[in-house]
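Next come two complexes built around chain A: one with chain B, the other with chain C.
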Partner chain A sequence: MKEIKVNLTVHCEGLSCPLPVMKTKQAMETVRPGDVIEVVATDRGSIADLKGWAQRTGHQYIGLREEEGRYRHYLRRALPEEEKQEQQFPDTADCEELKEALSREDVRVLDVREPAEYAFGHIPGARNIPLGDLDDRLEELDPSRTWYVICRTGQRSDLACRQLAEKGLRVKNVVPGMIAWDGPIEQDF
Partner chain B sequence: MAEKKKRVAIIASSGSVETAYKVLNIASAAAAMEAEAAVFFTFDGLRIIHRQGIHQLAPGAGKEDLKDRLARSGVPSIPELLDLAKSSGVRLIGCQMTMDLMGIEPSDLIDGVEIGGAATFLDYAFDAEVTLSF
Partner chain C sequence: MNGKPVIDVSALYGKILRGEPVFILDVRNEEEYRDWRIEGRSVRSINVPYFAFLEEEEVWRSVPEDAGEVVVVCAKGGASEWVAEQLRERGRNAFSLEGGMWAWSQFYHALPVVSDSRMTLYQVNRPAKGCLSYVLVSRGEALVVDPARHTAPYLEIAKAEGAEIRGVIDTHLHADHISGGRELAAKTGAVYYLSSEEAAGARITFEPLERHPRIRLGDVEVEVLTIPTPGHTPGSTSLLIDGRYFLSGDTVFVGGLGRPDLGGKAREWAEMLYETVFRTIAGLPDGTYVLPAHFSTPEEMDGRGLVGAELGAIRRNNEIMRMEDRSLFTATVEASTGQKKPPNFETIVAVNRGEETVDSERAAELEIGPNRCAVHHGL
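And now, the complex of A and B:
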């Protein structure tokens, strides 16, 4: 099974309810907002419990992979309210517009979510560079193309667009983002 | 989340090993879900937080096989669960009236336990969204 890059892995093998939830909570408090953790559990109840826990606490449940009696859960720590700002980048496109643009030769898609989010479902052909890595990986973006930048809700892609436009790239922020995308989806595993 | 914390109030009035698990699992899970949780230990339930009693918890009648099953299952022990509950902020309240009745001193109870009466529990439980009794 292909590895998914995460900030922290929490081992809950052999542990029963309520320990997977409690260890997840403790681990989540040690990572930064926006970071992704992987929780490896053997408790079947963890499937429903961790989803419920994430919904209640406001963290993002990204997805689940099952292998040989192990459940690998991926969760992303929520950002505090004050970090959620108005979207400021003026040049935006909605998902319908992006679907039409995909047939154009000069258009590329940049997905700035975390690798785990990308792995669980992305637009086919989209390039994945998490927002935090953008500065170091600028040279991967062909400046002769128009880049449609997407994340989950349009927040991170807004920051990315501002960053990239400053470097002279042609960018559009896709709003609201993957939560509204109903076109084709590709998974990495 | 910015909204007010949910509140869970639990009464433990039986001292069987399954009661201890039910009470501590739910209280700990509530704390993990960022709710406030408090357990009021009264009558036989007081055994769960009693220094000696905690090591002598027995399954209820007809559930004698539970001890073996628990030992085989990898479920944490009751003292471990109590530590987890305390470290995640669960309030443990011993019933003063039961203590007086049974001649139990505060020093007989495990560390980190509050002592109070029915009003202490009710003062907390009046504002609880979830109230459970075991």
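And now, the complex of A and C:
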């Protein structure tokens, strides 16, 4: 099974309810907002419980992979309210526009979500550079092209667009983002 | 007890049977709770998932002050133990249900329906599933009807009665729970009876029930008549014990009739059910005591916890039993079959037909959830 890059792995093998949720809660408090943790559990009940807990706490339940009696859950720590600012980058495109652009030309898509989110479903051909890595990986982006920048809800891609525009790249923020994307999807595993 | 504030399923059931007020805090997920929970006439219950308690102190106040003793319930007893301890630290009188719904789904309680010098008839209730099975004992011999998956309750009764289990009968091929019939027969050397029609194509060994219109047990005085009552399934068979006790399987319930749609032939089987109700069962007197294989609500229990009713009362209380107009009857029965089907019923049927084998953990998983074999009440 292909590894998914995460900030922290929490081992809950052999533990039964309520421990997987409790350990996940503790681990979540040690990572930064926006970070992704992987929870490995053997208790089947962890599926419904972690989903329910995430929904209640506002953390993002990214997805689940099952292998040989192990459940690998991926969760992303919620951002505090104050970080959820209004989107500022003026040049935007909605999902329909992006879909249309993809159908008629060789379009570049930059997905700035975390690798785990990307792995569970992304636009085919999209390049994945998480927002936090953008500064270090600028040279991966062809400056002669227009980049459609996408995340889950348009927040991170807004920050990314501002950052990239400052460096002189041509970018469009795709709004709202993957939550509204109904076009083709590719998974990494 | 280990110092831990726990209550076991048997003690909890005792409270419910005695009508003592029971307050249940069910800390499973909302969906699990909606689907299936502990019920009883004296039971009040609320649902707050355990992980909600991890987040805010506020949530602890969702348990009302007037709740009194709180029984905390979860899937297997782990989360409930934590919640009960936390409630105690906040000065509340709380207990965790040991083993949770897992243990509850495997709990059985036996009550004698009748006991005289010639015979004793026990009703074995599995309250979590609403499953009822029976043990008839006479002069050192026992006959078990519709045993559930766990054979221990029946072996214990036989042992306590000093009786040998000679026969095991399934009134029909069950769709809501895994039958313990073949296993019990294998363990005791008893004959396993099932109607050939139910076993058609199945990979199991059985004695065709239809070849035994009369089964004698222990004393020659106790007579068991097998009466074909197709409808819920084509081979459904009821038993008339000692001319009075009618073990009706899933054909007639205290609150109505068995649903005819689990085989995918609702119309055809509804027609059979009509014949059964208005030809076969019509011939039984009002005083016949009906003992079904299921109940759906605690209201069907009497003060002792026994589920059963005289046929006359069932006829009076259920309009469908008086609906002699054939087309109206079949249309009504068919219309009621849009309800949810028993969880995992196709797999359970496959297991009962010997087409699939499951270990006990998987079996318990398959059986989790409510029973849905009755045509919904109110008919």
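Here are a few things to note about the model shown:
Definition applied: the second predicted complex is superposed on the first by the 186 of 189 C-alpha atoms of A that agree within 3 Å, B and C clash if a C-alpha of one lies under 4 Å from a C-alpha of the other, contacts with A are read in each partner's own complex, and residues count from 1 in each chain.
We take it that a contact is a pair of C-beta atoms (placed from the backbone, for glycine too) under 8 Å apart; a residue touches a chain by one contact, two chains touch by 3 or more.
Note that the structure is predicted; figures quoted are calculated from it, not measured.
After superposition onto chain A, the modelled positions of chain B and chain C overlap sterically.
Shared-chain residue A:18: touches chain B and chain C both.
Applying the stated contact rule after C-alpha superposition, one finds that A:9 touches neither chain B nor chain C. Residue contacts after overlaying the shared chain place A:48 against chain C, while chain B stays out of touching range.
In the superposition on chain A, A:58 makes contact with chain B only, not with chain C. Among the options 79-87, 133-141 or 205-213, the segment of chain C that ends up inside chain B in the superposed model is 79-87. On chain A, the patch touched by chain B and the patch touched by chain C overlap at residues 16-19, 21-22, 25, 49, 52-53, 56-57. Against chain B, in their complex, chain A makes its touches with residues 14-19, 21-22, 24-25, 49, 52-53, 56-58, 81.
Chain contact summary for the complex, chain B toward chain A: residues 1-2, 25-26, 28-29, 31-34, 73-76, 84, 88. In the complex of the two chains, the chain C residues touching chain A come out as 29-32, 49-52, 54-55, 74-76, 78-79, 82. On the side of chain A, the complex with chain C involves touching residues 16-19, 21-22, 25, 45, 48-49, 52-53, 56-57.
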